[in-house]
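Shared chain: subunit A. Partners: subunit B in the first complex, subunit C in the second.
Entry: the complex of A and B
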């Protein structure tokens, strides 16, 4: 409202000028769109267009690498949906991603709560958050191989267990199972869950919690009915992030999951063997799954209201 | 004495989580000083070989050397840092103009907002594969960090947008109007009122964009060639030779640099006892 009235006063001042120069009046009328144009162009060019190209390519047959309008068929999708393996892949992918998101949430929430509510010193708050960011400067593939040193046959865990005499032989099932994948996913995505929850917790007025307590709510009830509910936008953003990053990950499962087939991995396999249309068809399936899950998760919180009214 | 037990328990828990979070990095740092070529236990001796050793003394393949002897690593580091800075330099102004514009209601705002966040929602492999197909279609075949740059921009911009918009001062628009009524020009309002109010978010956006693109692999691996960035280079090397502590030396180096830099930034930002993010 304030913004609108201000626009009008700015408009009145230069009205005479605007009548002389149609270009200026055009710019003044469409200033919002003109300002938002550069970021929008980047997104449309490098995100929307490529996605549409994937969509188009998924309707092509054979091993073409760019869209051929004379060769349209539904064969790829028929192949995708008639294979029983597709449903196994879907189940494993969704199951692992949902599990990763939930476990990450459980691990992350108390940390975010502690940083935002129990530490009054902003400097300390900042240092803890920066300490959580710093590991991301260590290269991703280097962090990834370090799991060999932790969970491998001669890794830290086995080495410790053997030196303590708890086991005689190294445990070989620590690596290359779906639980390895879960641990690694939780570890690598933790920050992206802590961060949005922390952000939404700091936006909560502490007086609201105090009011609930004064009115007789138990600490637990005040937490579930006030704090947790108000932090839902952060929780939802965190879940979406972990979900998307695990759904689209095609390397961690290939390295550590011991042959577990995932959707992202399937896309990459087809791309690797230059069957682009099939890769595109599985990408479309991946995108549908992703959007479906986001749509469900968004029912739990109105994300938009955090950013603008 | 009424101790805050939740605080104590949560504090211990947080320290524990940070420890687990850092465990791989602590191991990377320790194992990088190993004197043999394996990345596992036991540690038989320590040396600086994987940092400053000349090529060919340890290891089965003749070309293993310390990281400071490897011109390709130097190239990969340069490429990664260039990509990170270029991404951040492009993302920051894009985030500033889009977040400030999205404060006002206009037709199609919701659609535009969701479109700008799409890089956050799109699975990595779709961005990578899509860009590869896109470049092929428009005839770009020479891949380098500059073909990766648009992808890291699209991918990191939503993070900047989210953390900038979630932290807007609720009175920002009012302050700006006061300044304007008092006769300040548009540029002056931005420089004296708006920018100081979003300064911390702008710095966080810069660092987020830099950090995320520095270790970006899933999207870039589809559209990069040659030595590439640190993640693509290390990944390609590891798929042809067994991993050696050399990579851990590289990791330790980046860790040391990042911790130093981040603490300096944290110190500068918090001098005034204000929230960083």
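Entry: the complex of A and C
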């Protein structure tokens, strides 16, 4: 009884205090929303607003740099979709991105598997991780140039192939073709595939595999039914990373793809020539394609089952 | 008939410093309910993992049903292994968890359905097929793991501490269930525990392990009543231990001279032990308390210094004037703290042990008094 009456008077006291200082009580009640406000403002200012501006611009025919509210039409999109080249660009962009995602996965998975299961030593795991990250500390442009000395006519790859006698003359396809682009995309995205897979692999209780084995699963069956299945969250995240970074990329294609047209590159081209409305229209297309691909990946992977409770 | 499991001189090291199994040898009969009991870290899990084929060992051989399995991979050993963590597949419903072994053996779906149903009924979880492992309580998970282990009736079941994560009542219930399921299936079960009550009441055969070695193997009552080493005697139940010299030996009947006087007891070992320093043990529940001195062979007077309530019994601690204490487990009695009473026991209850452990080089007095 005594405790109760104490509580009541305490409640009264804080209530009266809040009445005295309405600002404090307002902050107290809405602290959660207030805390989220600064990042929200940044996001709205630098992400939502520009996106909306691009969206508006893509429906605008008139001026190339200024939005004119009196001149709204679908003309830009009609132009985009009536060009046969658009479909070639779409095909190449999607094809190269999907290829890059698959090849990256094929390279990354064994690496992640090896690091998380075959290397027991924590220090060694750390060293290998460091070695994987180290190239990313080199500036992008320098890293790009280094490809010349690897893939060039007298580069490392050709030199090796020639001295092994596998080819008679240097391969010229290594530089400035779509395969160059593929190699570079795979390399630059490797880490972003390895890490999520590595993480989800380390989260797997090794006893799950042990149990599967004693329940009659061969090593391969135990891998497909348990290990791979449980690492799918990492795989899905890795694939999405690759899609996001490749679908809109225009610098790498511009430098290395030998004239291959990509969506991002098209946007850049129009923007370069101050045709902002068309650039905006292609941007919107790019956005839709990217969201669509991610949506399909998540659907295909049946996200609820992948991220099992 | 070959033993269901025979382990010969098994050696397992972890790194350079940990010798987890130091030449372990034993056999398990077909159809046995075999319980391995031992303190934490003594190598029980290591042993089961070696037998299951999921851990490489450094020496020795393992035979399952008479077949040397050194080169037989885990999935071809026709065994089931249930780890301490149960390890239910989190991405599969209960049905698919239990069906795993059947799928691996390419049963057809109608048969799988039947077998899964049977296994889940066996563990009392019929109707849980569609749940996810995360939607079960600890005890239910344990039973699903058991159903998954027994389905398709593997010849050898290896269960690592299958009863350690559930409450006391469920433990008792599961122990009963285990025995019934074992009886129904008729295959060989090997399970580990570090709880003496479980070991004693579950096992057909009990094996007491000490760090990396086997202390004793036998029927539970054999080990409880006639342990061969101080370690085994202690591990299967509470015991009062005193050191003394053997002064007389007539067959099994020996007399031991301790600081508190001469006590008679039974020595189950072989060979002459007269003059040797041995441990004289008496279990707390075999001691009688009375207010008048009885004319029995083994008795002395001591003051009651404390009493602890355990529900089923009360632990009375008596102390002699020389400071030696004796623990007695008895029903509640009209006794008073500080008063002197006579404690006594029958000669056949006196356990005489001449070895502290199978591990060589230990001093028996150090082991008794925990030095």
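Note that in this section the second predicted complex is superposed on the first by the 238 of 309 C-alpha atoms of A that agree within 3 Å, B and C clash if a C-alpha of one lies under 4 Å from a C-alpha of the other, contacts with A are read in each partner's own complex, and residues count from 1 in each chain.
Assume a residue touches a chain if its C-beta (ideal position, glycine included) is under 8 Å from a C-beta of that chain, and two chains touch if they have at least 3 such contacts.
Source: prediction; values computed, not measured.
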item	value
Partners on subunit A (subunit B, subunit C) - clash or fit	fit
Subunit B versus subunit C as contact partner of A:261, first or second or both or neither	neither
Which superposed partner A:142 touches (first subunit B, second subunit C, both, neither)	first
Subunit A: partner with more touched residues, subunit B or subunit C	B
Which superposed partner A:28 touches (first subunit B, second subunit C, both, neither)	neither
Partner chain(s) touched by A:275 [first = subunit B, second = subunit C, both, neither]	neither
First, second, both or neither for A:126, with subunit B first and subunit C second	first
Which superposed partner A:86 touches (first subunit B, second subunit C, both, neither)	neither
First, second, both or neither for A:177, with subunit B first and subunit C second	neither
Vertex subunit A angle, Cα centres of subunit C and subunit B, expressed to the nearest 10 degrees	90
Closest approach of subunit C to subunit B (Cα atoms, Å)	7
Where subunit A meets both subunit C and subunit B, residue numbers	219, 308
Residue ranges of subunit A touching subunit C (in the complex, touch as defined)	205, 207-208, 210-219, 221-222, 225-226, 229-230, 305, 308-309
Complex interface listing, subunit C residues touching subunit A	49, 52-54, 73-75, 77, 79-83, 85, 87, 89-91, 100-101, 104-105, 132, 134, 148-149, 158
Parts of subunit A lying in touch with subunit B, wherever the complex brings them together	2-4, 6, 10, 32-33, 35-36, 38-40, 42-51, 53-54, 57, 65-67, 107, 110-111, 113-115, 118, 122-123, 125-143, 145-150, 152-156, 159, 187, 190, 195-196, 198-200, 202-203, 219, 237, 240-241, 244-245, 247-251, 264, 267-268, 271, 276, 279-280, 283, 286-287, 290-291, 294, 304, 306-308
Of subunit B, residues touching subunit A in the complex	4, 6-7, 10-11, 13-14, 17-18, 20-25, 27-28, 31, 38-42, 94-95, 97-98, 100-106, 109-110, 112-113, 115-116, 118-127, 129-134, 136-137, 150-151, 153-154, 157, 162-163, 165-167, 173-174, 177, 180, 207, 211-212, 214-218, 222, 230-231, 234-235, 238, 243, 247-248, 250-251, 254-255, 257-259, 262-263, 265-266, 269-270, 273-277
